Amino acid sequence: MAQLKIDNVVKSFGKTEVLKGVDLAIADGEFVVLLGPSGCGKSTLLRIIAGLEDQSSGRISIGGEVIDHLPPAKRGIAMVFQSYALYPHLDVRGNWALGLKQAGTAKEVIDQRIKEAARILELGALLERRPSELSGGQRQRVAIGRAIVRHPGVFLFDEPLSNLDAALRAQVRFEIGRLHKDLGATMVYVTHDQVEAMTLADRIVVMHQGVVQQVGSPADLYQRPANLFVAGFIGSPKMNFLQGRAAEAGRIDLARGGALPVAELDRPAGDVVIGVRPDGFAVGSNETAPVRGKVVLNEYLGRESYLHLELEEGSRIVVEVPAETVVRLDEVVGLDLKPKAAHLFDASTEQRLAA
Amino acid sequence: MAQLKIDNVVKSFGKTEVLKGVDLAIADGEFVVLLGPSGCGKSTLLRIIAGLEDQSSGRISIGGEVIDHLPPAKRGIAMVFQSYALYPHLDVRGNWALGLKQAGTAKEVIDQRIKEAARILELGALLERRPSELSGGQRQRVAIGRAIVRHPGVFLFDEPLSNLDAALRAQVRFEIGRLHKDLGATMVYVTHDQVEAMTLADRIVVMHQGVVQQVGSPADLYQRPANLFVAGFIGSPKMNFLQGRAAEAGRIDLARGGALPVAELDRPAGDVVIGVRPDGFAVGSNETAPVRGKVVLNEYLGRESYLHLELEEGSRIVVEVPAETVVRLDEVVGLDLKPKAAHLFDASTEQRLAA
Amino acid sequence: MNSARRSLPSEFAAHGILIAYTVIALFPVLLILINSFKDRRSIFQAPLALPSLESFSLIGYATVLEQGNFTLYFFNSFVVTVVALALVLILGAMAAFALAEYRFPFNPLLGLYLAIGIMIPIRLGTVGILEMMVATNLVNTRTALVLVYTANGLPLCVFILTEFMRNVSKDLKDAARIDGLNEYTIFFRIVLPLVRPAMATVAVFTMIPIWNDLWFPLILAPGEAVKTITLGTQVFIGQFVTNWNAVLAGLSLAILPVLVLYLVFSKQLIRGITSGAVK
Amino acid sequence: MNSARRSLPSEFAAHGILIAYTVIALFPVLLILINSFKDRRSIFQAPLALPSLESFSLIGYATVLEQGNFTLYFFNSFVVTVVALALVLILGAMAAFALAEYRFPFNPLLGLYLAIGIMIPIRLGTVGILEMMVATNLVNTRTALVLVYTANGLPLCVFILTEFMRNVSKDLKDAARIDGLNEYTIFFRIVLPLVRPAMATVAVFTMIPIWNDLWFPLILAPGEAVKTITLGTQVFIGQFVTNWNAVLAGLSLAILPVLVLYLVFSKQLIRGITSGAVK
């Protein structure tokens, strides 16, 4: 059983606190993605779990046993690095065997595990190759294989797809997903790419400036982001934010004129930020629409287009419309809010209003 | 007038032909994107236009005048590089002025052009800064400014967004689009990213292995890709391809059993490849559907999900479904083809069948 | 090149370390300096004491400056070192630029050829060189020394600078071409300023052995008119009786160029040496 | 490390150039070799001629080997060079690893400190060193030379190797830690194999000046029992009469280690030197 428990972990470099007390419990067999912009502390947290860095305070336990005092090799983890980190002077077999030999594993066991990993990753034909003789995608699969042969309780992935090009990224992403399904192992995966997080995770942990912002399933995070940061980070294109004031239930007066009927608002709430995803608006009649904007850019993407609109007060929003929609540059279009499309946040605390 | 004309340009490095006779005519004020995977020759073509490399044969002319014998500085072009390529020991003003001073431009003219560029790019406050004191996005804007002050007939962009992170990329992409609108200059833009190409271009030139595959508007390329390569390269996720045989009009027998009713097919056409975008399928009844597949992965993206299906014959396709769709892993679902969703290609020539 | 601005305390600490170094690691040098100002008896009785009113003596300097024709030796050393250094840097930088920048046949092999030149000690060819110098009538001229040192210093200079010039972004040079700079202005105005710290490092590596060399002055230019200071100082080290005052004074004077060098190159040098550490 | 496999023709050409180099650039060395096998008269009458049946003579070698106690000198040079080289490489590599790998206070300043050590010529401290050696009773021992050369060679070695070790991917070392390697096995099994070409280059840079040095053997170890070969050969260069046969034979023998060196390090060296060119 490889539950992973993180208890109030703090990490400081000098005066800078990069992790400000992180708590997290990961169930056995769960796929958890740590998601956040660079510098949010997600990689540091992963390296603390691996034992490559020491936390300043707090505890890490795997399967109920505190592992803070153990060296990386004894923690029952395996790690896959962004840069592959294969030993250049060893062939694939040598790369896979090194850790096992170091741990004193019997030769037959090593051979059997290598065979098993080669089968899972379909790398049987490449076992005698050196890393320099492999393509980028193959190298990353070899790196994953080096993790598999250790039979770890917890797999740690540190941005494993960042060095791959778009096509390979989708391919290896698919393979990691399938690997999780096949092995049923606990996996912790660090990335800054919200698409990777959404598609792979059972649960996503969104981090920002060393603080966990929200923990939840991809659907939770997409449908009910806990605060402005999560709302802006999840989803592409980014959610639009409008300033407003909720003086009465069901209606928000926008900061620069106009009012939006918002069904989600069941009581007055003071200054609010309304978040609306690009597909939350419908282009409507110019005269009666609560929001109007001038088209400054029309980005065509084949199936849909993204209209960049300049609102009357000067701010800019992005609206997704079907590709067939005909609009001219500089035309002013009216926008209606689709039902359930509004996310409401308190303007000062930036937290979601529990509407 | 800055039309750009490329006449049968060939480029060889030793025995390798990286450009195999490229013809292209770009109108004054047009925004043309050269799109293709790395190594397709697009950057080489751009560098030949700029005069940084010599073609092996063929001619380049700008505004009707052949420029093959001119050095880069005299061709009336300006180039923006992926790595910014700012002079590190000069401040922003110095970076912008260097080329103009070199050309012997009068001091007042230089000052006036710098002022103008600073206004367009809103960089007025940063003119005395060195590149090392600027952020990535600012550096790329300074690099664009260095192009603007030259008042070139043709702007050349070499993957200008590749070194920026996702959020900045959208921002600078927007600015380049607006710049084109404001200046009305001819622009040639190289990228491997089909989203950049689709959103920015008036016309896209898709290149592969030194050969132009298709030239057309983003809508052309998306709706009527000329061959399998273009079909697979444009659109994300990638188009699915199924092997089949068109023995009679309106119906294609799939290679491994089953048949698809294809309205686009008006006559028998032999062995064909049917291309269907992920949103071209509808999940239908399991029993009557012409194609059935087992769900091996369900990638949730908030608004939609991508189902990875293993078809009965072992190949894999990706289908986009609304996020609300409930499917279990390993469940077998039936797929119906939406109207007009099929693209037909000849199996041997890989060219689009003019259906 | 975009290394972070170094903070004031760190700047201060760097210089502090430098001063500490001067005190501790250069203790022998200090000993020389101190003793060069003392009379002969005090040198051996209390070598660690500072010169007192009693023991203070400039006899060493007097001997050196009078008897040793010291000014001339110093001038010879200076001319040979500066000219050879200038030649090495200019020719080396240009060769390095060509190797780093242009694709021509045998480019990597030429680089290899130059690099091998680093490994083979030029002294092995002394006899051959002497024969050539005799043939060309260059024995006992400063030119002979300059030629030998230039040939000797070039390969290492080219080798190191090529590495650094390769790291100068290709896009940057292309941008300069589009801005209308020709290959010479690109070299002098874009590339050279960027590799300046490397140039300073190479300059020091090249300069010190030239200044200190004893071998080639002895063989190629032992004549009184072209003697270098290192050779000149040897006069006072006899087989049996050594004029320690003069030797110490001579060595003290020989340290001068190192100090001058430090003042001239220090900023660039520190940047070059620590660039790896602070980046 | 993942440089493309070098093709056979390119391999061939590289060795071709090396041979051409031996012929052209090492012409003076060849002259020495050729003349060392000739009698005295022929050396001066026809210095470019190959030894004929008539002019062939081993008198030089005979003189050197008999009169000069040559075997002992050679042994001394060999011991001093190899021990100093080994110490420089081992200590230098470990220090470089520590500097590159571990974050500790003053790490960059320590690097700076070492780097400055490169610039200050140790010869300036000769008198101080001599005094210290006298105090510790090490004058006229090989140990004295080994100590001086080690101190002299370390900073450059540390400086160069630190640069290379910094380029060894941090992820790679972390991966090794997760695989259960400790810091020593990481150093010996992961890092050292990766910087081997750099080590070879440093070895040559360090070895040649030690082998060729004349200054410290003369000052610290002039005794007959500990004389090095370079010093020993000087015996034959008199003020007025020079035994050219013996000098030439001595110099020829002194080339031996360079050849051995080339055979030992050549593969690594070529890879190290051309790594920039072929990557």
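In this document, chain identifiers A, B, C and D correspond to the written order of the chains, with residue numbering beginning at 1 in each.
In this text, contacts are C-beta pairs under 8 Å (C-beta built on N, C-alpha and C of every residue); 3 or more make two chains touch, one makes a residue touch a chain.
Computed from a predicted model, the values in this text were never measured in an experiment.
Colleague: Chains shared as neighbours by chain A and chain D?
Modeller: Both-contact set = empty.
Colleague: Between chain A and chain B, what distance separates the C-alpha centroids? Give it in angstrom.
Modeller: Chain centroid spacing, chain A to chain B, equals 26 Å.
Colleague: Using mean C-alpha positions as chain centres, tell me how far chain C is from chain D in Å, no decimals.
Modeller: Once rounded, the distance between the two centres reads 20 Å.
Colleague: Please report how many Å separate the Cα centroid of chain A from that of chain C, as a whole number.
Modeller: Centres of chain A and chain C (C-alpha means) sit 56 Å apart.
Colleague: Which chain D residues reach two or more other chains?
Modeller: In chain D, no residue touches at least two other chains, as defined above.
Colleague: Can you list the chain B residues in contact with two or more other chains?
Modeller: There are none in chain B.
Colleague: Looking only at which chains touch which, which shape fits best: line, ring, star, complete or other?
Modeller: ring
Colleague: Go ahead and list every pair of chains that touch.
Modeller: Those chain pairs which touch are A-B, A-D, B-C, C-D.
Colleague: What does chain B use to touch chain C in their complex?
Modeller: 47, 50-52, 71-74, 77-79, 81-89, 98-99, 102-103, 131-132, 146
Colleague: Which of the residues in chain D come into contact with chain A in the complex?
Modeller: 1-3, 169, 171-172, 174-181, 185, 190, 193-194
Colleague: If we count contacts the way the header does, which residues on chain B are in touch with chain A in the complex?
Modeller: 38, 165-167, 170, 174, 177-178, 181, 192-193, 195, 198-200, 218-219, 222-223, 234-238, 277, 279, 296-297, 299-303, 306, 308, 323, 329
Colleague: Can you tell me which positions in chain C touch chain D when the two form their complex?
Modeller: Per the stated touch rule, the residues are 13-14, 17-18, 21, 25-29, 31-32, 35, 47, 106-109, 111-113, 115-121, 123-129, 131-132, 159, 162-163, 166, 204-205, 208-209, 211-212, 214-215, 247-248, 251, 254-255, 258, 269-270, 273-274, 276-278.
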